[in-house]
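You will see chain A twice below: alongside chain B first, and alongside chain C after that.
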Partner chain A sequence: MLSVRVLQQLVNGVSIGFIYALIAVGYSLIYSILRFSNFAHASFLVVGAYSGFFLVTAASAPFVPAVLLAMLTAGGAAVVTERLAYRPIRERNSPTLYFIIASMGIAIFCEQTIIATIGPKFRTYPRVLQIVSVDLGKTTVGIMDVVAALMACLSLSVMQYFLSRTKTGFAIQAASFDLQAAGLMGVNVNSLVGFVFLIAGVLAGLSGVFLGMKYAVYPQLGYLTTKAFVGAIFGGLGSLPGAIVGSIALGLLETFVAAFISSQLRDVVVFILLIAVLLIRPSGLMGKSVEEKV
Partner chain B sequence: MAYFEGVAIIICVNLMGVLGVSLLTGFTGIFSFGHAAYMAIGAYTSAIVVGRFGMPFVVGLIAAALVATAASLIIGYPTLRLVGDYFAIAALGFGEATRLLLDNGGDFTGGPRGFVGVPRHTTLLIAAVIVAVGVLVMRNIIGSRFGRSFLAIREDRLAAEAMGIDTARFRILSLAISAAYAGVAGSMFAHYLMYLQPVMFDINKSTELASTVVFGGLGSLTGSVLACIILTAIPELFRPFYLWRMVFYGLALVSTIVLRPQGLLGSYEFSVAGLRRRLAGRRLAGSPSHRAAEGDAVRADAGPRGGARDGGGLP
Partner chain C sequence: MKRAIATALVAATVGLVVAGCGGSAGPKTIKIGHLANVSGDAAPWGLAETNGAKLAVEEINKAGGILGKQIEYVVGDARGNATDGVNAVKKLIEQDKVVCVIGSNFSGINIATGPICESLKVPQIGSFSTNPKVTVDEKGNVRPYSFRICFIDPYLGSVLADYAVNKLGKKRAAVLYEVTSDYSVGVTEYFENKVKSLGGEVVAKQAFKTGDVEFRPQLSEIKQKNPEVLMLPLAMYKDIAIIAKQTRELGMNDVTIIGGDGYANAMLDMAGQELQGSFWVTHFSYEDPEMAKFLEKYVAKYGDKNPEVNAGMGYDLIYFVADCIKRAGKAEGPAIRDAIESAKDVKLTHATITMDPKTHNPLNKSAAVLKVEGKEIRWVETYAPMK
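For the complex of A and B:
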């Protein structure tokens, strides 16, 4: 009996972990290029969740095109954000503090605008996928969880292939070492940064649709990005494989804490884990060594 | 009249919180989006110490400052020694964890329904006195040799280190001082409202504090104070547009940073001596020696690296 429950939680945990990974990878990508925590990532996710929701309900679009369109909308929002807010800061060569402040402002602005216009109400996706479940011997697993994990896996693989095999991918890798030097080597920095935001936004949009389906669509949905950020730190800040591994580990941990210890204190446990990781091994599971001052 | 007194007291409470954030973000260059958590910790500590155990208000204030400082060290110690955005994320998580703990605190914190029965101690006079002391202490901290280390760290951490400043220690110290201010603000707030709820200290409160500092000018106490008075009083005038208040805060945060990063006042600081000199300077058609002699006014020319275009100052 217990093992059935464990198996179910395992699938839940991996699935939510993959959704976090979608967020964490975009976040790490931006972090490794511009060296700041893009809190506006939450906004990209929420934009994706809402546009997916309205495409499926109001425009009654079929599921797959709706998801793709939602991803593109979120990607577009990310590119516009970069162009309007971050590029001016970048061109002035301002300290990273300015990026963080601006990104938080964008996150607040986006969330509050949604509350003021669309409303603070929780909206649930029409149940297209959740009801169907797969029988695995004694246990049933929601097909939504499986689809989410598979689609997240697919998009992460495409991104990994893109980064390691294409010319633009090499440029991004170079920029993550040194943005200025990459610019001197003839990389068009503006379009490269824009492209990185497009990728991050598209992945965040996909995660937004899945989170909306799993829980509900509401203006504060973006706060879940904080967990993905913790996942990224857990895996090693700035490392893409680390972001994926850390997110899945975090997804498993919080699912098991919620199922077997306390669902209310789940986020407190996540926070305690974060502090423990930073105290014991700040470079995370797979990160490069962190410059440490004692 | 009671209404205006209430607004004035809230301005004092916010001022106390903003002063702390000003030191941390404006002068040390560390961004925190969880400062409302220290306010919450201060407020609940004081409510418990004074409301439950019947201690005098002064003990509540001191306990609030101490406990908030201790809490800040939990996240400050592991994160502020590291280079990177660890602190920003930990602070965000800390704010969330604090709210959850208060929500689930049972009878001890009153849970989500709130903590009732806090005695009222914060009058306008007391609040004003506390803020005046707070401003004076902060002004002296920042103006001292010790305080200039904070500025040095904000401008260039590596150079500050090379000058012999223990940057990790000073960054943690800056957080501790600012948390103490937030704790006192929370205590004042608790003994004014007489009841507390965890939602009062959500991320919107943290946003308010941080955007006030950015809006006033990173690196200007005068700017922070001015911005706090303006930003607390204006929403009172526009109660009907309540929903759009936070939209405005978000927008103000982004557009200030993008369009006018030096904020309202840049790094200008008001001082009586400076004002007198300015008036005298106008008569003497300003010889350079006036500016050079401006030793007592806290003056960090130019805002954060490359940020301020004109080094601030009033026209």
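For the complex of A and C:
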């Protein structure tokens, strides 16, 4: 009896963890280059969720192209955001705090714009995968979750390959050590940063579509990004494997606390653990230790 | 000469006062006041309520009135807030001399007007003021002149429990409620107590916080306990829809979903399939054949085919007061108060009312049970808990 309970919660936790991971990787990527928490990441996700929704319903596009297009739209939104909001700050060498405030502003702007134009209503994707579930003994696995996990694994492996095997990947890695030095070595910093935002936006768009299908599409959908942010810190900000491990650990932790201890205490326990991790290992589970340079 | 005039004036004044008091014959009409929000944001509900009440006044007057007298109906506008509500009640009682006040539909207003009604000895009967504090003070003592005709929110839990156990024959219940909402916690508490008292069992009770979208950890735990019904005391249709989806996703296909009055048609757009056959309860429904008759008259008079529930409640409040005045035998505040308190099986259109003297809430009042069928939430029956 207990093993069935544990197994089902394990499945629940991992499936949530993979969604967090998709969000956390983009988050972590931007952090590793620009060294700030991009709260506007939530907006990219929501843009992805809404564009996917309208492509499938209003434009009645087939599912797979709709998802790809939604990812691109979210990626585009991220690039535009970077160009209009962050590049001016970057070029003026302003403090990191300015980035954070700008990103908060964008997140609020985006949410309110959606409420004002599209409306606060909850919308749902047409049923494609979400109702099917497989019964494994007494444990149920949603097909939707399996697909989401597979897609997450696929895009994360592509990312990992890209970063470690391609020229642009090397440039991103170099930039994550020192953006200015990378610039001096002949890396086009503007297009590199733009490219990083594109990747982060595309991943956020994908997770937006999955979240929209799993739950609903609504202006506050992006609030889940906070959880992914915690996952990224858990694993070590700036580390991609760390973001994935941290997110899945967070998904499992949340699920087990909610199921076996108390759902009221879920966030309390999770955040106490986060603080503990930061006290014992300030760079997270798999983070690079960054020395103070000043 | 001056003195003569003064004497005449005094005599005239005394005469007027005596005439005003009415002597044994009394005033020719019986004045009933309606504390309603007929202007401001809440006006749609207030206007529906007064429209319903006016219809009842017309009918009763045409049929000869109460105790041989015509009803004179006076509206006091509370404008949706307690300050204006207090002024309106003072005017209704002190200037208009009403003998009973019906309304309002806001708890905050009735809580503020309760002490005034008590000191002026005129009873008030709330239409949709569902906060327990309307009729019971902080110390738990009943407010002698405050009543309500609706049931309080948590009572929905009792109806749900009774319906699940006695009508659906399902004794193993699970609850998933929202911890930060008084509504949710209240309904859960009443549900749990009633299920136990009827010989059923709440096999799982899980909670979440507003904003959550992932309910599978809690639902997986619920699944392990094999419940027959899942009660969702939730005010947000989004939560209901997402929970329904995840419930079915986890393979709980035979569990009947039931809930209070947080349902909305929009939830069927989100999870129509998963919510098929689910049951919901609320104060009353215009689909009830009894209420349909009222609706027909209402549409004939006002043209509004889809009035707020307040219309029906305003209508029934007038009939309820009329019954109380008849039983009191005289149109005086304290006597009417006693008649309201002792109301037993007063048959109205939307329900039959028996007043609980201990709480001044209607006792074992019926509620409308609705069921999701296809793309609609249809009325099934008006159900009164067995006891």
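In this text, the second predicted complex is superposed on the first by the 286 of 294 C-alpha atoms of A that agree within 3 Å, B and C clash if a C-alpha of one lies under 4 Å from a C-alpha of the other, contacts with A are read in each partner's own complex, and residues count from 1 in each chain.
In the analysis below, a residue touches a chain if its C-beta (ideal position, glycine included) is under 8 Å from a C-beta of that chain, and two chains touch if they have at least 3 such contacts.
Please read these numbers as outputs of a predicted model, since none were measured by experiment.
In the superposed model, A:Gly17 makes contact with neither chain B nor chain C. Of the two partner chains placed around the shared chain by superposition, chain C is the only one that A:Ser263 touches, whereas chain B remains out of contact.
Once the two complexes are overlaid on the shared chain, A:Tyr223 sits against chain B and chain C alike. Look at A:Gly246: by the touch rule set out above, it reaches neither chain B nor chain C. When both complexes are overlaid on chain A, the residue A:Gly236 reaches neither chain B nor chain C. Look at A:Lys121: by the touch rule set out above, it reaches chain C but stays clear of chain B. Between chain B and chain C, B touches the greater number of residues of chain A.
With both structures placed on the common chain, the touch criterion links A:Gly205 to neither chain B nor chain C. When the two complexes are overlaid on their common chain A, residue A:Thr113 makes contact with chain B while staying clear of chain C. Residues 223, 264, 267 of chain A lie in contact with chain B in one complex and with chain C in the other. Those residues of chain A lying in contact with chain B across their complex are 31, 36-37, 39, 84-85, 88-89, 92-98, 100-102, 104-113, 115-116, 223, 226, 229-230, 233, 237, 264-265, 267-268, 270-272, 274-275, 278-279, 282, 290-294.
Those residues of chain C lying in contact with chain A across their complex are 179, 206-209, 211, 213-214, 216-218, 220-221, 223-224, 237-238, 241-242, 245, 248-251, 266, 269-271, 273-274. Contact residues of chain A toward chain C in the complex are 1, 4-5, 8-9, 12-13, 16, 121-124, 127, 130-131, 133, 135, 140, 142, 214-216, 218, 220, 223-224, 254-256, 258-259, 262-264, 267. Against chain A, the residues of chain B that register as touching in their complex are 25, 29-31, 33, 74-75, 78-79, 81-86, 88-90, 92-94, 96-97, 100-101, 103-104, 161, 167-168, 203-204, 207, 210-211, 214, 218, 243-244, 246-247, 249-254, 257-258, 261, 304-307.
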